[in-house]
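For reference, the structures are reproduced in the following blocks.
Consider the two complexes below, in which chain A is the common component and chain B and chain C are the respective partners.
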Partner chain A sequence: MNPPVSVTTRRLHSPVFPVSMLVLVLLPLLLLPLAAVFIFAFRGGAVAFLAALKAPDAQFALRFSIVMAFATAAVNAVIGTFAAYVLSKYSFRGKRPLNIVVNLPVAIPTVVVGTSLLLLWGPIGLLGRLLEPLGLQPMFTPAGVLLAHLFVTFPYMLGAVKPLLDELETTYEEAAYTIGASRWQTFWHVILPALRGGIFSGTLLTFAHSLGEFGATVMVSGNLRLRTQTAPLYIFAQFEAGNIAGANAVAAVLAVLSFVIFFFLLRYAVRPTRAS
Partner chain B sequence: MVFKRKALLRRVRALAPILFLGVLLLYGLWPWLPLPGRPPQPQTVVFYGFSILGEVMNKGIFPAFQKEWAARTGQRVEFISSFSGSGTVRNQLIMGVPAHLALLSLELDAQQLAQARVIPPESWRKLPHQGVVNRTPFVILVRQGNTRGVRDFADLTRPGVGLVHPDPLTSGGANWAIVAEYGAGTRQNGGRPEAGRQLLAGIWANVVAQAGSARAGRTQFENGFGDALITYEQELLYDLGRGKLKGEIIYPHSTIQSEHTLVVVGRNVGPRDRQVVEAFRDFLWSEQAQKIFVEYGYRSVDEGLNATNPHFGKISDLFSIADFGGWTKAKKEIVDGIWKKQVLAKLKR
Partner chain C sequence: MSIVLANVTKRYGSQTVVKNVSLEIGEGGLFVLLGASGSGKSTVLRMIAGLTTCDEGRILIKGRDVTHLAPQPRGTGLVFQNYSIFRHMTVAENIEFGLKIRKVASVQRAKRRDELLELVGLTGYGDRYPHQISGGQQQRVALARALAYEPSVLLLDEPLGALDVKIRAQLRRSLKEIQRRLRVTTLLVTHDQEEAYELADRIGVMDRGTLLEVGVPEELYHRPRTLYVASFLGGGTVLAGRVANGLAHFGPLSLPIPAEVPHEEGASAELLFRPEHVILSSDPPASNGPVLGKGRVVEQTFSGAARRLRLHLPHLPSTRQVSPAVAFGEQGIVIETSIPASAPAPADEPWVSLRNWAILGQAPPRLLVIDTGSGPLTSLHTASALAGPMRASVIVLGYARGDAPEDFRDTVAHRAQSAELNEAEVHIGTSDLPIQIATESANTLFDFIILSGNPGAAKAGLKPDVVSFLEGADTPVIVVAAEAPKRFERILICTRAGEPGKNDIRIGGRLARHLGAQVTLLHIQQPELGEQPLARRHLEMASATLSGLEVQNTIRTYPDPSPAEAILREAAKHDLIVVGGHGPEVQSLFSRDDITLQVLMRVPCPVLVVPAE
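After this line comes the complex of A and B, so read on.
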């Protein structure tokens, strides 16, 4: 760990000093906290770790989070791609403001998202008040969690797909039209294949964020054990209740899942797509 | 051959994410897949409780009732539960969470639920013991060895003693603790309100960490914050009984006994679950359930059962909220009037 001063003086551009400095800085910021999760998770041995994971509410929380992440990714893959298509291929009045609105969820604190969903759909909310007599209540149900996750992750799909659409040569489309393809056929056979990489990475990003979403979920879910408690909420609830082993086991699993997803993202999605 | 293997490898690599996601999805959906041989959906009771109730309900009361209900009707009943600060539970109920029953730390939260028209006014008073399911006095937890020499609330005002205290905004326990501190001050000084205010001010000058619930405060204390914690006796007795308590319990000369109120949220109970919800409500006051509460460190509403737990401490001057005119008055005069407007304002918190 000693910075090799002699090397730096001899070769001005030696990477050793800056790299070791960077690692030193990153150690407490990124690396050690992550290591702590795993060290703590396995402190009681693998048996205790598995026992903590096997708790019915831990199992439910993990499964529920995974299902929610799939549902969010599936819905936003469709709506997000459609939004990207419209915003990229059409010009219309109000396009700029619309562009800003669809990207807004990046900037809004997730707790605010949760609050606004409650104030819209909740039992005392603007629309929720009208739904209540009908026996419909999206908040504090899985539907509420899905609504929150769709909101929070909306821009990811757009961000991954729209740049590809913007750069896509119009000549391919025009060629398709000239041989008599309809708008839908052109989209399905020409545009969509070119977007594959973008859709894949956008979906994975959406999935990963949904898996870890906390701020909005804690507001809209009611934090109901075995009904709406997602894995991050489980971690928080167990930690607060002093069950650090239980919290940590689930945290370790979430961390591994996000590593795998991130690995896929790097390995498969960044490769040049066929269009370029 | 070599080429083929390479191609195969490439295929496997390309399919890896899809395979991984497929397995993940299958794992996620597994309990909800309509496979043959799965038991039909059970009846459900949705129960919300204040923070320290988690263990006794999940490990003691729920399983006991499930057994009893299965023996009586042959049906399976499932419990869905959530535990957090009493004020948090109250706010969640006002926002419309689908709870059938809620066990609140203090009656004040029930009154506020009635004000928000979640439940009919005073509906809990028609239940046995006016809705009170169990009780527990407020005590002080200090670190092993009691190096600060804490013997009573007054010792917590000494400079250098750091205190973890739950936050009365969301914690029922914190409200009880404030009345306990104020009440101890007045009762040990001939009923002078000024003495109560002084004790409260002295204690709060030493608060180093505030938590959202009694349980969260306990976690903070165990993670190393402060020298002392004011909390429910039960919260400590449960661990004491299992030999897991980290620290020593100090019984103040004068302290309050909290009373925990049950509310039934009728509007959330559908016709399918009404019978089981009502049976569970009544079960909470049964001798079987009250014995479980005692075993877990709560003091039963049935005084005769309290002799069975040898760990219950002796308190010379145990008072109740009725001694301060009930929660409506105590909240207005003590928690808001004295603690918030005078003590906190002076401490500039």
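After this line comes the complex of A and C, so read on.
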């Protein structure tokens, strides 16, 4: 039972018009393209869809992408948390520039990232030239793809964890120290649990971005099928080859995976500190 | 002794936040460190816990030197204002944390945890998470967590500061009860004097990094030594007067000076009386207790159990009000008092006498330095050279007649800094110099005023406003010339032909004592007057007075027809010349052939002009 005043207010500010305007704008921008993927993927029926997925190249690309995403998320969870800890808890000369550098990957075009990795590790690169005679060649191998993904997704972990550390008052650490906990025990028992939510959402974000990474991967992987071809590269290659159904099947799987990740992000990681 | 601090100092950059603090806290006691925010009290606590290193001094906990130890082995129990209990652990896990770190078996851990939950009144709350309990309960958990591993000492940093009034009172009582029961040595830091009174066995009051006083609550309330402690620990009236003949004089009152608070002759003295120590009566009081005079009630406030009154008394001669502050443009004395609300209302113009009072300890000398914001820093350097050995507090008055430039305060502050007057207060004034100095003097009783005779040059031709100020000055004034001595080792006191001014000797002697300087008493014998037995006797008395102040002194008699020339000749061997000035009553005595003026104009070193009695 609403009091009459609020009824009039609601009538005056009816949400119908602005909401329908927003949906109209979003329809061609976001909603229809996503729908198109699924429509095309299933146009030939479920059987054709499954057959397209069963192709060995498609199977490899999906598995490779998921393995890469896990590896990237795991490595960056450790390095990113460590970076966040150092940048939040210590004050030192050059902290500001370092802060900018670690967030730079967000701003650099991924193709440029791929190029720079090639110029460092590639056969004619600065370091690659020295490694080549030793038989070490990270480019055009899964290791190269991992390097590219770590680079591109680095800021996501940092962005999710550092604000939590900045907010965590030093008195928590200090209380642990006076109680007798060593630096490591304090980190393990006091700081890390307080970061759980941030690490969770940072890991999910990293995973999702790694799964969809294209620009840098295409440069450093060489796009070698059954060796370094990730799912997005497979989709692109199939499209170019005219196998639209094959491309769409993998694209639909990627889209669903992304939906699931985002569901978890929204569900559990929005207010990480409140989750008990 | 459970906690001993010996000469502990902490600096952050150029700022000293804890200055040479020494403190001993006995076994099982509850010591409250009281101070305003920024007084350094929390830094002291953090240094004991080991969370902040100290730059100088030593810290002992239970006889063990922990100065350079990390926080962990110190075994202190610390409770913060923001509770800081771990949010992802249950109440029980929080309490057990210290025991878990110490690898205590889980059975014993559970037993200890239950004891502590009971102690802090949270039995049954073990499984809750911090966000499921109230702030007061969280602070109880923090206390239990700090007590769980039987800490060497308990340190509480404003533990009740974040709680609302009712919970605060409750927790204060349980804190006291728990502390009494466990007899754990406790240091509590707070800015709340009521909390300090209720909890403390002993209180220490800190101000700007210095531990001013330590004592039991009642002693500090009734007999504080310093003005800061007097006003921080309760209301009341503080008047400033002067010491003469062993008594402190405040208008009509001449009060004996207690042996615990020795005062030098001629020094300023401060009288404190608390609101409840004032007696109001409609007839002149018959008792021979101290009577201040007849006052007038100007304000009454009802505050429950008591009625607070504000009275005005007429101006008392050579007495200044220190607190409460007198409204601008008003003369006279303001007194705050309170009477029980049930008592009959007082007469409109009651007699005011004192039931009880205290004389504060002799305050460090106060210097006022005038700086014009340009030219050489001689007056500032002189103040710096004096303030160090005298341990004086300094106010720098940046003085620009008419309009001061926008950054004038910064300029003056910067100049004071470069003369090493780092702790000086900087005030700014733009009206006439004598008026400006009078305004400053109305707020603070200065021991010396330091100004430059004529900035930028020798003093030849004193500035007219300096002369007019000197004519009316009732405070000793040091007039600085082109050069400022680094140290004051030899002081020349010039005595008058007839009678040496007693004030010249007292004030010059006090200064010499503070500076550890030698004094030469100069007597100029005018040949045409012949031998003067009276003058000789006065000189001997002066010398005895100086010896009484433990000042080394010699008498020098100079036969010379021209006193000024003689003084000038002697001046070269001294760092400071003391001459008598003219009292405020006799105006325009600085004629051209006046000795004081001639000395002022021609002597290259600073000259102290002592006003006549």
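We take it that the second predicted complex is superposed on the first by the 260 of 276 C-alpha atoms of A that agree within 3 Å, B and C clash if a C-alpha of one lies under 4 Å from a C-alpha of the other, contacts with A are read in each partner's own complex, and residues count from 1 in each chain.
As a convention for this text, contacts are C-beta pairs under 8 Å (C-beta built on N, C-alpha and C of every residue); 3 or more make two chains touch, one makes a residue touch a chain.
Since we're looking at a predicted model, the values are computed, not measured.
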**Request:** Overlay done on chain A, so just call it for chain B and chain C: clash or fit.
**Result:** fit
**Prompt:** Who touches more of chain A, chain B or chain C?
**Reply:** B
**Complete:** Quick note, chain A centre (C-alpha) to chain B and to chain C: the enclosed angle in degrees to the nearest 10 is 150
**Request:** Classify the contacts of A:Met139 with the two partner chains as first (chain B alone), second (chain C alone), both, or neither.
**Result:** first
**Request:** Scan A:Pro97 for contacts with chain B and chain C and give back first, second, both or neither.
**Result:** neither
**Request:** Scan A:Pro123 for contacts with chain B and chain C and give back first, second, both or neither.
**Result:** first
**Request:** Answer with first, second, both or neither: which of chain B and chain C does A:Thr178 touch in the superposed model?
**Result:** second
**Prompt:** Of the two partner chains, chain B (first) and chain C (second), which one does A:His189 touch, if any: first, second, both, or neither?
**Reply:** second
**Item:** Overlay on chain A, chain C to chain B nearest C-alpha distance, Å
**Value:** 16
**Touch list for chain A against partner chain C, complex** = 169, 171-172, 174-182, 185, 189-190, 193-194, 196, 273-274, 276
**Prompt:** What residues on chain A touch chain B, complex-wise?
**Reply:** 60, 62-67, 70, 118, 122-124, 128, 137, 139-140, 204, 222-227, 229, 237, 239-242, 257, 260, 264, 268
**chain C to chain A touching residues, read off their complex** = 49-51, 70-72, 74-78, 80, 82, 84-89, 97-98, 101-102, 129, 131, 142, 145-146, 149, 155
**Asked** What does chain B use to touch chain A in their complex?
**Response** 14, 16-17, 20-21, 24-25, 27-31, 46, 51, 54, 78, 80-84, 92, 94-98, 212-213, 215-216, 218-219, 222
